[in-house]
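Going by the order they are written in, the chains are A, B and C; count residues from 1 in each one.
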Amino acid sequence: MKFNNKFHLNGDNIHIGENVKIGDNTVIYDNTLIDDGTIIANDCIIGEPSKDYYYNEKYSNTTTIIGKDCLIRSHAIIYNGNTIGDKVSTGHRIMLREGNSIGEGSRIGNYSELHGNVKTGKYASIHSNVCIVENSIIGNFVWISPGTILTNDFALPSNNKRSPIIGDYTAIAVNCVILPGIEIGVNCLIGASTVVTNDIPDFSVCIGSPGRVVSDIRDFLTNGVNHYPWPYNFDKGMPWEGLDFSVWQESLEHD
Amino acid sequence: MKFNNKFHLNGDNIHIGENVKIGDNTVIYDNTLIDDGTIIANDCIIGEPSKDYYYNEKYSNTTTIIGKDCLIRSHAIIYNGNTIGDKVSTGHRIMLREGNSIGEGSRIGNYSELHGNVKTGKYASIHSNVCIVENSIIGNFVWISPGTILTNDFALPSNNKRSPIIGDYTAIAVNCVILPGIEIGVNCLIGASTVVTNDIPDFSVCIGSPGRVVSDIRDFLTNGVNHYPWPYNFDKGMPWEGLDFSVWQESLEHD
Amino acid sequence: MKFNNKFHLNGDNIHIGENVKIGDNTVIYDNTLIDDGTIIANDCIIGEPSKDYYYNEKYSNTTTIIGKDCLIRSHAIIYNGNTIGDKVSTGHRIMLREGNSIGEGSRIGNYSELHGNVKTGKYASIHSNVCIVENSIIGNFVWISPGTILTNDFALPSNNKRSPIIGDYTAIAVNCVILPGIEIGVNCLIGASTVVTNDIPDFSVCIGSPGRVVSDIRDFLTNGVNHYPWPYNFDKGMPWEGLDFSVWQESLEHD
């Protein structure tokens, strides 16, 4: 129904792989590679030109790469210069400014925006309506919940900027703010509506505004159960799904 | 101007009632019923197929019903399986995932998203940019203000999920977070940026992070006046508009 | 690429200036003036009709004015009755309800919405995903960061409404809430996730929930440096760019 070959290829050097589906009204700009098996739904813009395009006749897009077996839902705007890994899926109306690198298997929810040059690891789960400032670094298997904002300006407005770094396996609940330049370690849990104002060590539970570390995550009980580190107790959509996390980790080390 | 019969019916079993207007570029998928007098503006998607559609040739939409005299503003995405009551109105760019049931007279604001199987009562007013997790239950005449998020995961990420329940006539101010499984009673007021961490009894005023009950709403003064329960003092757009709320309630009981 | 003359002029009394570019699929309704040198990207709606349009055959748009040398990025919805100054630029998918007045050089970020009759001064920088209630007054050179919400209802829901006023040069960080009727003075800094519950004097630093004034901004150090008032230390995109702010101010006074 959605795939009537009514999409538009606007420019040169557009490579479409095997078994790719592209939805109606989607526009793909020049210097874009879409790899095998990927689905781009309707009304998307892939390789959206940068601002200079509007004013400079000699403007040329940098390369946009969408990996294999991705699902880009409708109305996404993905600027030129993004590199999207294999098996990435997105919600509707996402906004990726220039130069992000999205790791394999990651997810980006409805209305979320990455402001550019953001790097995510593998299987990062960025939910709806998340705002991630340019140059942020998001680890592997990180969860970022709806309404959370990562910031980078130490003195609004200033040129004194540094972006947050979020460690592997860390989960950030809804409506949090991560202040400029903050580094959050691996395997942390940041509670709902927390404002993270200091660097957070590995394996910390941090809550409140300003956020304070209240527990080691390995001692933290939810409903009387020690759930964390979560990979041992949750596998849905993860590469260790149906396996034991420890076994999966060992298999990686032996690769 | 908007209604040039340039909409698209994509599939079978689409029933359009009397005096329905459908805007240009709107796409309506199979198994959709749009009842009399409803207006669907331009660039909407009604009956958006579920993810399985992209991968399964035998995919079939479940039924989507839009009631009478609704106004669905432009760029809405309404997945298949929603049931929208009569006289519902929406803002632009709303997102309804599968299986929500929206009560008569309810409103859903710009950019708001219901993640699926959400049930709202009658005349629920969900403002802009609200994020409501799947399976939430929203009562009659509930107000939810911009930026508020309802959550359901007790240990991010986990399979231990339960969604909030919001009682009739309760008003939730901007930027609140309702934690998983929380039940908020009837006739409550939740202040701006509150994080509701415990069940809230009927007629409570709850503020802060973590939220604490600070007053019975019947004793709560705003600008020196006791406004609550609000239905006695506010009727705009409500079914008791121009009547006395008590009289209206009695008329219901005698029906 | 984007400009193939596939836009739509829907109605009478549409004036397009010199050197205007209008993107594909953009719709411009009646009674709209677009001044010289402005670029309106693809898929925008300019002069979106008010609700009455759907029900009243005699409906007529009020005038929409877009000034000179603006850049309106794709998928903007700008209702009829807006007046946009010269050199305004916007992100994607902004939403301007009726009757806003946007000062010269201002910026409005992706997904942000102004609910109507909002007045901004010159060079107001409203970032992504900001929600500004109707009738708010935003000064010159004001910064409002992502996720911030301005409110106007003293007793949700009520008819007792008054909108905030934000003074010149004030910077509001991410995820703040400004309560109804609050007046924030000039040259203030409102920290991340602050809930502003009282009027704030000029030159204040206000943080927390509820917000409290913790410093005079002229005594406030960020990373050991006194950055504020910021115009003396930041000029990117400002009319005093490359000049000294004091010199620029004096030049204005001598005009």
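Just so it is clear, a contact is a pair of C-beta atoms (placed from the backbone, for glycine too) under 8 Å apart; a residue touches a chain by one contact, two chains touch by 3 or more.
Everything numeric in this text was worked out from a predicted model, so none of it was measured.
Peer 1: Nearest 5 degrees, what's the C-alpha rotation angle taking subunit B to subunit C?
Peer 2: 120
Peer 1: Count the residue numbers both subunit A and subunit B use at their shared interface, divide by all numbers used there, and answer same if that is over half, different if under half.
Peer 2: Subunit A vs subunit B: different; shared/all numbers falls short of half.
Peer 1: What whole-number Å value describes the gap between the mean CA coordinates of subunit A and subunit B?
Peer 2: 28
Peer 1: Could you list which residues of subunit A touch at least two other chains?
Peer 2: 93, 111, 129, 147, 175, 193, 209
Peer 1: Over in the complex, which subunit B residues touch subunit A? Could you list them?
Peer 2: So the residues of subunit B touching subunit A come out as 10-11, 27, 29-30, 45, 48-49, 51, 53-54, 77, 93, 95, 111, 113, 129, 131, 147, 149, 151, 154-160, 175, 177, 179, 193, 195, 209.
Peer 1: Which residues of subunit A touch subunit B in the complex?
Peer 2: 1-2, 21, 39, 41-42, 71, 74-75, 92-93, 110-111, 125, 128-129, 143, 145-147, 171, 173-175, 189, 192-193, 208-209, 222-223, 225, 227-228, 230, 233-234, 236
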